[in-house]
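Two complexes, one shared chain (subunit A), two partners (subunit B, subunit C).
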Partner chain A sequence: MITAEQKPIQEIMEYVRPYSRILLVGCNECVTVCAAGGRKEVGLLSSALQMAFMQEGKVLDVKEMTLERQCDPEYVEELAGSINQVEAVLSMACGCGVQEVARRFKEKPVYPALNTKFMGASERQGVWAERCQGCGDCVLGLTGGICPIARCSKRLLNGPCGGSSHGKCEINPDVDCAWQLIWDRLKALGLEKRYEDIAPAKDWRASRDGGPRRIIREDLAS
Partner chain B sequence: MKTFEPVIVAFCCHYCAYTAADMAGSMRRCYPSNIRIIRVPCSGKVDAIHMMKAFQKGADGVYVAGCLEGDCHFKNGNTQAARRVAYVKRLLDEIGIGGERLEMITMSAGMGERFASTASDFTEKIRRLGPNPIKGLKKAEAV
Partner chain C sequence: MKTQSALEKVLAAGHLAVTSECGPPRGALPDKIKEKAELLRGYVDAINVTDNQTAMVRMSSFAACLFIGQMGLQPILQMVTRDRNRLAMQSDIIGAYAHGIDTMLCLTGDHPCFGDHPMAANVYDLDSIQFVQMVKIMRDEGKFQGGDEIQNPPKMFIGAAANPFGDPFELRVARLAKKVKAGADFIQTQCIYDLDRFEKWMEGVRDRGLDEKVSILAGVTPFKSVGMAKYMKNKVPGMSVPDELIKRMSGVPKDKQPEEGIKICVETMQRLKEVKGVRGFHLMAIEWEQKVPEIVERAGLHPRPLV
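For the complex of A and B:
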């Protein structure tokens, strides 16, 4: 999922300060699961903003809505009926959702309430960790199912580096060395030999280095 | 000058604090009438939004009363409630309401005396802090 965290309330207040009527829009997908921008968080932020501004003598009208997905035009369209009643939109979706709302309603300022972080998995209740950087040419099949791009601090394709110590990465003793994990996993699978294969330089054009990316499915595209 | 009478919302778990309040009653033990008790099936059922809404609607103080550690009827509802209270306290600090207006309290069903004394102590504490800063200001409600 895409993970995110709420921005500091003071920063959000600065965005909202010029307005007295806003639409606060959550998203039912990833940001609900990582407890950053679902219906619950919309309610909490709305309540917090209203109380904070009341102390400055200002009444902030907040219309709360949570869409099934903010990154799909079909759902963003549901805001059409309310958009004219507000001066600005505060979005609690990931950056993709914020941009879809901005794309559909060109005349309304749209602000992000979250900092979008990474594509990750939940390690346990309340803890999320980075797992994939969307490199566009997945190598998990060669690395025992552990991503060296997202999980090795140096993105090494032939690791580990000399900084790997007792299974931990040199950047921080709390961070597992991805290449230790890869080796352990290959060993557990009886695939140690695969470790001997030298991975050639990766074609980063499939990643962000090739510019903004897009997928076109001819069979589906309209 | 008229003394300030705070409005206090107490979310009380059915299995401990709510029963303790009953117990205080049958012991004829007085506690301040400032306390508005809301019975909940478990302190873990009290969501952050319930605490926030209580303040938004004008409560001067709020507390969540759950079972003693290790005694939750639903295993760990009380520890979850305590973590949620800590989270909302920080949020209240950030928005200028003041986290000290919110507390987590634990007790058992038999502690009528403790129920009454915490109710009095908390009321006194809030009385000293004064009214919720948004009280009396024009109310804004989510549409």
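For the complex of A and C:
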């Protein structure tokens, strides 16, 4: 999923300060799962903002909505009925959702309430960790299902650097060495031989380096 | 001979090679690099010039190598993949070669989080193995990585690093094998204090015949003080410093510790000379270049051969 965290309340307040009526929009997908921008967080942020402004002697009118998916035009359309009653939109979706709302409602300022972080998985209750950088050319089939691009601090493709120590990365003892994990897994699978094949220099065109990406499915595109 | 490299000639003649290193200054101070290099004249075969070591901005290795070359000494251009993509690396390599630099060390480089620009983007377009492969193809096939032909291709003697003390230990020989397969001509190892582990690694290296394919220069660094020894043991990732050495350093008064550090270094070199497959030494006297001549002499490696 795409993970996110709420921005500091002061930063959000600065965005909202010029307005007295805003629409606060959550998303029912990834940011709900990582407890950053679902219906519950919309309610909490709405109250927090109203209270904070109240202390400054200002009444902020917040209309709350949570869409099924904020990155999908079909659901964003549901805002059309309310958009004219507000001066600005505060989005609690990831960056994709914020941009979709901005694209649809060109005349309304849209502000992000979250910092979008990474594509990750839940390690345990309340802990998410990066797993994928969307490089566009998946190497997991060669690395025992553990991604060296997302999980090695130097995104090395040919093995651990000299700083791997007791299974941990040199940058921080809380970070696992991705190559220790890969090696352990290759051994468990009986695939150690694979390690000595030199992974060639990566073609980064499939990643962000090739410019903004899009997928066109001829069979589905209208 | 693959190149005109003085280091290659020393190794080909069967001598134990000696290299050392100079860290360029943190400013436009040509005299600093010249002073450091002058201390090494006549005591080493070639001088590594570090590339923004520990991820701190310094005068570029390429520029500092030019000064050293102009002094009639032999520089080794160090280059890390942390700061440059493959275009920048290849253009610097042909530029360096055009200026007579014929020996280089290919590294990934310390992560930016260790330096004074932790906010910088890290490039790591290539890893060190892919980097070695690229330089070899530039030299032997005369081709850029993109496939186009290079006019007057750079004939670099290609070095890489190895750390026998990193984990997982069982991958350390395999990783050297990959560097050899990729085209490394010589290896400079991480500082060796843990001789037992180094010898165990060398055993694995010899079992696979890798010592016949690549010239391994054993890395050594003298301790200046017990504080430095403890720092190396506790703070430098992938470094192994046995407790006996810490004890030995702390067993002598502070003013005698530098001498004790040099003694340990020379003893280590004497023992390493007996290890089959060690073809020379890489002496990293960190901000202590003035001690290199003494260490080289006491290790019985002076005078240097004329090749």
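The rule is simple: the second predicted complex is superposed on the first by the 222 of 222 C-alpha atoms of A that agree within 3 Å, B and C clash if a C-alpha of one lies under 4 Å from a C-alpha of the other, contacts with A are read in each partner's own complex, and residues count from 1 in each chain.
Keep in mind that, in the parts below, a contact is a pair of C-beta atoms (placed from the backbone, for glycine too) under 8 Å apart; a residue touches a chain by one contact, two chains touch by 3 or more.
Every value quoted in this text rests on a predicted model; they were computed, and no experiment measured them.
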Review point. Is A:S164 touching the first partner subunit B, the second partner subunit C, both, or neither of them?
Key: second
Exercise for review: Would you check which partner chain A:A201 touches, where first means subunit B only, second means subunit C only, and both and neither mean what they say?
Suggested key: second
Review point. Per the overlay, which chain contacts more subunit A residues, subunit B or subunit C?
Key: C
Practice item. Using the superposition on chain A described above, determine whether A:R104 touches subunit B (first), subunit C (second), both, or neither. Key: neither
Review point. Given the touch rule stated above, what does A:K117 touch, subunit B (first), subunit C (second), both, or neither?
Key: neither
Exercise for review: Take the contacts of subunit A with subunit B and those with subunit C, and give the residues found in both.
Suggested key: none
Study note, to complete from the structure: So, in the complex, the side of subunit A touching subunit B is made of residues 8-10, 40, 43-44, 46-55, 57, 59-64
Exercise for review: Could you please specify the touching residues of subunit A with respect to subunit C in the complex?
Suggested key: 153-167, 170-172, 177, 179-180, 183-184, 195-196, 198-201, 204
Point to revise | Of all residues in subunit B, those that touch subunit A in their complex | key: 47-49, 52-53, 55-56, 91, 94-97, 133-134, 137-143
Check your understanding: Which residues, counting only subunit C, touch subunit A once they are in their complex?
Key -> 82, 86, 108, 110-111, 113-114, 122, 124-130, 133-134, 145, 161-163, 165-168, 171, 174-175, 177-178, 181-182, 190, 237-238
